[in-house]
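Read through the structures below before going on.
Here come two complexes built around chain A, the first alongside chain B, the second alongside chain C.
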Partner chain A sequence: MNAMVSHKIVFTGTPGAGKTTAIAALSDKPPVLTDVRNTDASLGKERTTVGLDFGEVDLGDGQSVRLLGTPGQLRFEFMWQIIATDALGLVILIDNSRPDPLADLATYLDAYEALLPSMNCAVGVGRTLECPLPTLDDFADALAARGWVFPVLAVDVRERDDVLMLVDTVLAQAETRI
Partner chain B sequence: MTLSPSDPVALAQASPERLALTLLTQRLTESDAAKLGVFLRIGQAQLLCDWRFVSEGAAHVVVVAGPEPDTVPGLLDNPRATLHVLDAANDPAGDAWTSLLRPLQYEAFTSALSRIEQMVMRPRVEAASSTTPAHSSPSAPAPVPMPLRDPALTLGAGYRLHRWPSADVLRGHRYNTRLASFMSTRHVEIDELAQLSNVSRSDCIAFVGRLLKAGLLDVKSTPLRLPAAAAALASDAPRAAALARKRPAPGLFSKIRHSLGMR
Partner chain C sequence: MSYSEHHLARHARLVADALLTDVDGASAIVVATADGFHLAQSGPRSVDPARLAAIVSSLAALGDAASRETGIGTPRCLVVDCSDGRLVVRCVEVQGEALIVVLLTDRSILLGLALNSLAKAEQLMNAA
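Up next is the complex of A and B:
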């Protein structure tokens, strides 16, 4: 019997950035969600993830890619690194309509700092049409200032192609590390 | 058309044919020389003259590391221009455009050459002046192309992003974002980029040229590289074994792309 081989791609980022939606867009089967009714009025949404979201893409021949979504709120920071350890890639989703998206990015870069040197990582910035500032260049500059060159793309997580593009950039990085 | 660099009048009157102008490098590191070679190769199309590097003798332009060019025995006249490769943003020569700051930037280099071209090709170029370019040798030797002008050696240059490109730079080919991603983790050569991406070599060259023009790439001239696994094995067998255990199975990425319906 062949052992099941699974890889994982982790979606992290601010509450409301669309991690759950992104996973649902890619998963072969209905994702397992751990949403509960939101009691934090500042998040501005009815439900929020408190555990981790889980989706899966079956590659056949006993291989699969697990899509994991972290809870976004800072109080769950202790879980973030645990979930992302040994991941094939990390997608950081930022909601540009929040008060300080660049600070949000910094929060996640700090949280994953130990993993980033060997991590394939991409940054997806949502709601850029309604909130064009900061620009994608601002995010790229913020990353470069910390010595990171990660893809920074505008993303609408409801659009599967947008999410695929983010994953594609993560895979491309992984390929060059082989 | 190759003209003696000591004859600016002839140079000026020779248009509309493309003029041949020469660059002499002094004390440049191998890496800086390699970068300028690549910049020149890529920028040639947008320049008005045919530029080439020479290793000695007469030249229209000297590119020197530091504030002062070397003294050449027998040198009577100054070159048309001297470009200084500097570490800091101070320009001892006083002309900012003659300073090329490290890390060397494509735009600054080609802009400087364009400016020199304008000086050289101006109809009433300083014909009467005594500022004839050239180093000493009375009979200018035939220019010797710098090795990096050889396309095969250009292939040896690796390119790595030092900042993610703007949306404008990525616009165009639908695979540009993927190409940029390949160059975000390490230096990648053109042929390797084409192989990894399955994008044509000419499209890869065009995109790399655009990134160079935007000043987003670090260029490294590398000797022939052992495949990563072989190099690891040669240097450190236990580490290579650990890497092999961690390495994804062959074809994993194409399987993932296929399963997700990516093209």
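Up next is the complex of A and C:
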């Protein structure tokens, strides 16, 4: 009997970018959530993740992916490192309706800088229909300026197929490293 | 909103001061919102209250997730029991709002006394 191979992929990104939603969209079972009532009016949402999200998806062929979501706020940076330890890959979710999405990307690239050389990474940009700027090319250029070449995809994290595409992109990078 | 002007900041300061007086061996007390903003602190030990508030917010939320997963009811306390002290975290509800009270102690104090003092602290905040 072949043993199940389980990969760990971490979803990070700004508050409201859809990390919890993405994991819920893809997970085979209802995810473990650690959201609480949000008291920060600037976020404009009722609840916010303060611990981690956890879901799991069976990809078939004896492979599954554990999906872990980080809290978005910088004050939870200590959790970002804990959650990302030993992860196969990282998905950075960007909300293009925020004031400076490129600066948001830079925040997470800085935070994971030490881990990125050994990780597979994809950037998912949400709300691109309502907010087309910056473009996906702008994000790719910002990555290239820092020496990174990662796939940048427009996504709707409510759509399971979009989230699966992000995960698949990370797994494909991992395949090429073998 | 400044968290020093939070509508429960006065309650938080009251209980932080009361715990420091009530608990021998208490070195720091921090009161935080459930989403990790600090409302009050007291005690002689130097801690970064903003950072500790965020950390215990995560701990409390993970404790809540664990209790839901195992069906053991509403979380009350989490204890980080270490070689040189304890971090005792009490999840409280004050005027319908979830808060977290953190008590940092040395190892001289009995854990039961710390838990009892934290339970009284919740009553004090709700009576204030």
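Please note the rule applied: the second predicted complex is superposed on the first by the 165 of 178 C-alpha atoms of A that agree within 3 Å, B and C clash if a C-alpha of one lies under 4 Å from a C-alpha of the other, contacts with A are read in each partner's own complex, and residues count from 1 in each chain.
Just so we're on the same page, contacts are C-beta pairs under 8 Å (C-beta built on N, C-alpha and C of every residue); 3 or more make two chains touch, one makes a residue touch a chain.
This one's a predicted model, so the numbers in the text were calculated from it and none came from an experiment.
J.: Between chain B and chain C, whom does A:107 touch in the aligned arrangement: first, second, both, or neither?
T.: Neither partner.
J.: By the touch definition at the top of the document, which applies to A:79: first (chain B), second (chain C), both, or neither?
T.: Touch status of A:79: second partner only.
J.: Is it chain B or chain C that touches the larger share of residues in chain A?
T.: B
J.: Please work out whether A:175 is in contact with chain B alone, chain C alone, both, or neither, and reply first, second, both or neither.
T.: first
J.: For A:70, select first, second, both or neither according to whether it touches chain B, chain C, the two together, or no partner.
T.: After superposition on chain A, A:70 lies in contact with neither partner.
J.: Please work out whether A:27 is in contact with chain B alone, chain C alone, both, or neither, and reply first, second, both or neither.
T.: neither
J.: For A:59, select first, second, both or neither according to whether it touches chain B, chain C, the two together, or no partner.
T.: first
J.: So in the superposed three-chain picture, is A:141 touching just chain B, just chain C, both, or none of them (first/second/both/neither)?
T.: First partner only.
J.: Given the complex with chain B, which residues does chain A contribute to the contact?
T.: These residues of chain A touch chain B: 5, 7, 26, 28, 57-60, 63, 65, 88, 120, 122, 136-137, 140-141, 143-144, 149-154, 164-165, 167-178.
J.: Which positions of chain B touch chain A when the two form their complex?
T.: 160-167, 177-178, 180-182, 184-186, 188, 196-197, 228, 247-249, 252-253, 255-257, 259-262
J.: Quick one: which bits of chain C touch chain A in the complex? Just the residue numbers, please.
T.: Touch list, chain C to chain A: 1, 6, 33-37, 50-51, 54-55, 57-62, 64-65, 69, 97-98.
J.: Within their complex, state which residues of chain A touch chain C.
T.: For this pair, the touching residues of chain A are 32-41, 48-52, 71, 73, 75-76, 78-79.
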